[in-house]
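This is the structure I have questions about; it appears just below.
Letters are used for the chains, namely A, B, C and D, taken in the order the chains are written, and counting of residues starts over at 1 for each.
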């Protein structure tokens, strides 16, 4: 008697394409997925609990360890939340805000660059992978110039940034910005325009608008599903209301759209940095803030448009030097919640690509 | 036309095939590090006033300072240890230092054969250099008392 | 600055519809309401589906261990009206139980599991209430204030 | 050709002179040839492993291995030492006998195929009159080795990889054979040396250009190289059918794969690129070297394609094979047949 049997496959925790230590138990019918169950927490470090035993300032470097490919934006999100809690948002010097925008958008380009690269690797385009990393590294060179480190910057401070931009930074930035459009064109040439890649991604794992909102998608993933929203434009924080930029929106919400939205966003980031370079004023980079940070009793929920979605910080303060409760709303953690639903009926090869297209970073999922 | 993207991809890789390569040949070619680079730590011992701000600012408590009062009732440093294996390289200690005694170096090759060697003892490994302001040698009895404690 | 919902009117309407279930909660953010746990799912459904509020997005689901109670905090956002609302549910310190809102937003699924895992709040009616970040045989809920850190 | 023939006849004369009988002489000469062929394959491997690394690096703006020896050429012996030093792990639940012989059977097929491949005029172990047929027959048995490897590992990834291989290789065998059929029809012989002789004035890539492209695509799939490396599929299947192999057994898989790569490149050079015939009258380069240049040109093409394209999905692969390549190759045969008929009518 012949009979068929479902195959249970452990995708992870150490698997080439789970982008870290993430495990997904798949039930396979042939090579088509009938059921997927996420198992998280292999990288759980208890950062929310750690925050309760660190002072507000001491917690800044830990944010770089969340989404370790976009550390600058994480720090910014945290610093912005505490500034709101302290009520010093208005006092931050303009130059500091401009610097934040410049380094933040650079970080976004770096993060999307690594997204493109890992996406390319997951469809086995090894050369495209190297091109993505090549350009990301040049962005990191600039961030290293500013903060002294490539990934865990610790550059943002309450009321400003740690130091002014170093000499020669603007020249190098200008050179890089002149180079980047050609690089993005190259991405389109080698991967995005490639017929094999299109066949692999167009129409694969579509997420409808309703589903995206229901599952709490944010950021580029939501925009790929046809929801026109961007915190930088809708609720402008910092000095984003002074810049002109488009918000790329795609309608189908499939894997291809999720890639294209990010590539378009890289172009928009270049535009924003150009405008910030022109408009940056002279002046101090730090507001006058007390040495010991003691926010008043209360709570705040503040969000920032991270490279992966809305990074939210809910901070409850009891008036002491340490947060009473600090909650990190991480976009990747919520985005990955859709994966079991998304993977149903997909081919194993497509599931890997769909997972990559969600742009997960395990440091932020497990915290 | 179908197949255009395929040919475009081939032309891009072929272009890079003959291009100059960008890999840095690391041990021979040293990386150019920016001034703010956070490598290892160094302490200019004569400048240190043992105030302990660096230790307080450290998120992971990886700086241990030993000090004692001298005859003028001034604090004097007798030991300075950094547990580099726990260090976040955040730089709060360097920022906190009021006398600019604690500084980053550009030394990034911190690999060691044994775990204990990772940690730094900045006090005893200090080598006086001519550009420091006259190094005050710790008195003999101080060393003895430090060893005793 | 965030757009503020007229909380008095909102609470009035909710109370009228579901019977005394909500009240304005005073804190520094000026956008919080407090809801009784029994009526939470209905209130959330109303907040989501009523075009007047149109809170299509569950921004954040948090749980706080206050000395006197556990509080589950829901941050809601509307894409059309661009306003925000914080819904708070105060729970018993001994046996914290709150109905799950997974039926309203699927986004709550993983976040409720996380709150259960780290804070020990039971979400009744959750389809799969298991530990998500910690190992399955972990004892205790680390984010509670009485949980002692072990180095 | 002349040189090798001289060596061969010289060797035979010398052995006869030593007083061996004719049969013994023939046997010894054959053994020497076999060794020479194996040596040739292994030498190619050394170059290929190095070339693949260098080429992939160049395509990606890297330098590739450059520490040991000139341009990193001595990296290979070091790697061999490393591979030999690795522990040979066989999973406890594996089907051990099958697991052990799987990689070796693939290696044997890779070697056997070389029996009929000429490396120059007369430089051939056995000039079979059904040479190309023999090559295809031997080449298609590689499928079973890969399935053996995937099945015996008792690993789910390996099993999936093995099953993919069977589907893929059986599908792409057909267009490959059909594409060669056009050339065979034009020559009227299956003997490889005849095919080369027929190309003295015109390479078959000119009348059979479409067949060449089909052959190229099909052999990329046959040798499991990117973008058709579904059997390995390292992004979803870790390493496919050889996930569980380690040490020297793993090395044998790689050696066999490169052996197959050289074999199909050689066949492509012989069938379409004129074999050892020199183009444009450039006869100062010896014929053997010409063949080698053509083989390595083919290998460059293989590597270029591999390091440029993303991997194709399995259902697209099947669609492409059955719905596009096979009809086109059949049409090519039809056109070739009609062309030959018309040609004969004109020339009488």
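Observations on the model:
The rule is short, and it goes like this: a residue touches a chain if its C-beta (ideal position, glycine included) is under 8 Å from a C-beta of that chain, and two chains touch if they have at least 3 such contacts.
Predicted, not measured: the structure shown is a model, and the values here were computed from it.
Ranking all chains by how far their C-alpha centres lie from the centre of subunit A, first place goes to D.
A straight line joining the Cα centres of subunit A and subunit B is 29 Å long. Distance between subunit C and subunit D, defined via averaged C-alpha coordinates, is recorded as 64 Å. For the pair subunit B and subunit D, the distance between C-alpha centroids works out to 55 Å.
If you average the Cα atoms of subunit B and of subunit C, the two centres end up 45 Å apart. In subunit A, the residues that touch at least two other chains are 127, 134, 190-191, 194, 196-197.
Looking at subunit D, one finds that residues 59-62, 307-309 touch two or more other chains.
Subunit C has no residue in contact with two or more other chains. Shown are all chain pairs that touch, namely A-B, A-C, A-D, B-D.
Looking at the complex, you find that subunit B touches subunit A at residues 2-6, 8-9, 11-13, 16, 22, 33-38, 57-59, 88-92, 95, 104. Only residues 55, 57-63, 66, 304-305, 307-309 of subunit D touch subunit B when the two sit together in their complex.
On subunit B, the positions that touch subunit D within their shared complex are 6, 9-10, 12-14, 16-19, 21-23, 25.
Residue ranges on subunit C touching subunit A, taken from their complex, read 2, 27-29, 56-60, 62, 64-65, 73, 75, 79, 82, 86, 105-111, 114, 118, 131-135, 142-143, 149.
Here subunit A touches subunit C in the complex through residues 40-41, 44, 46, 48-49, 53, 213-216, 227, 229, 234-235, 296-301, 303, 310, 312, 314, 316, 324-325, 327, 329, 333-334, 336-338, 341, 366-367, going by the rule given at the top.
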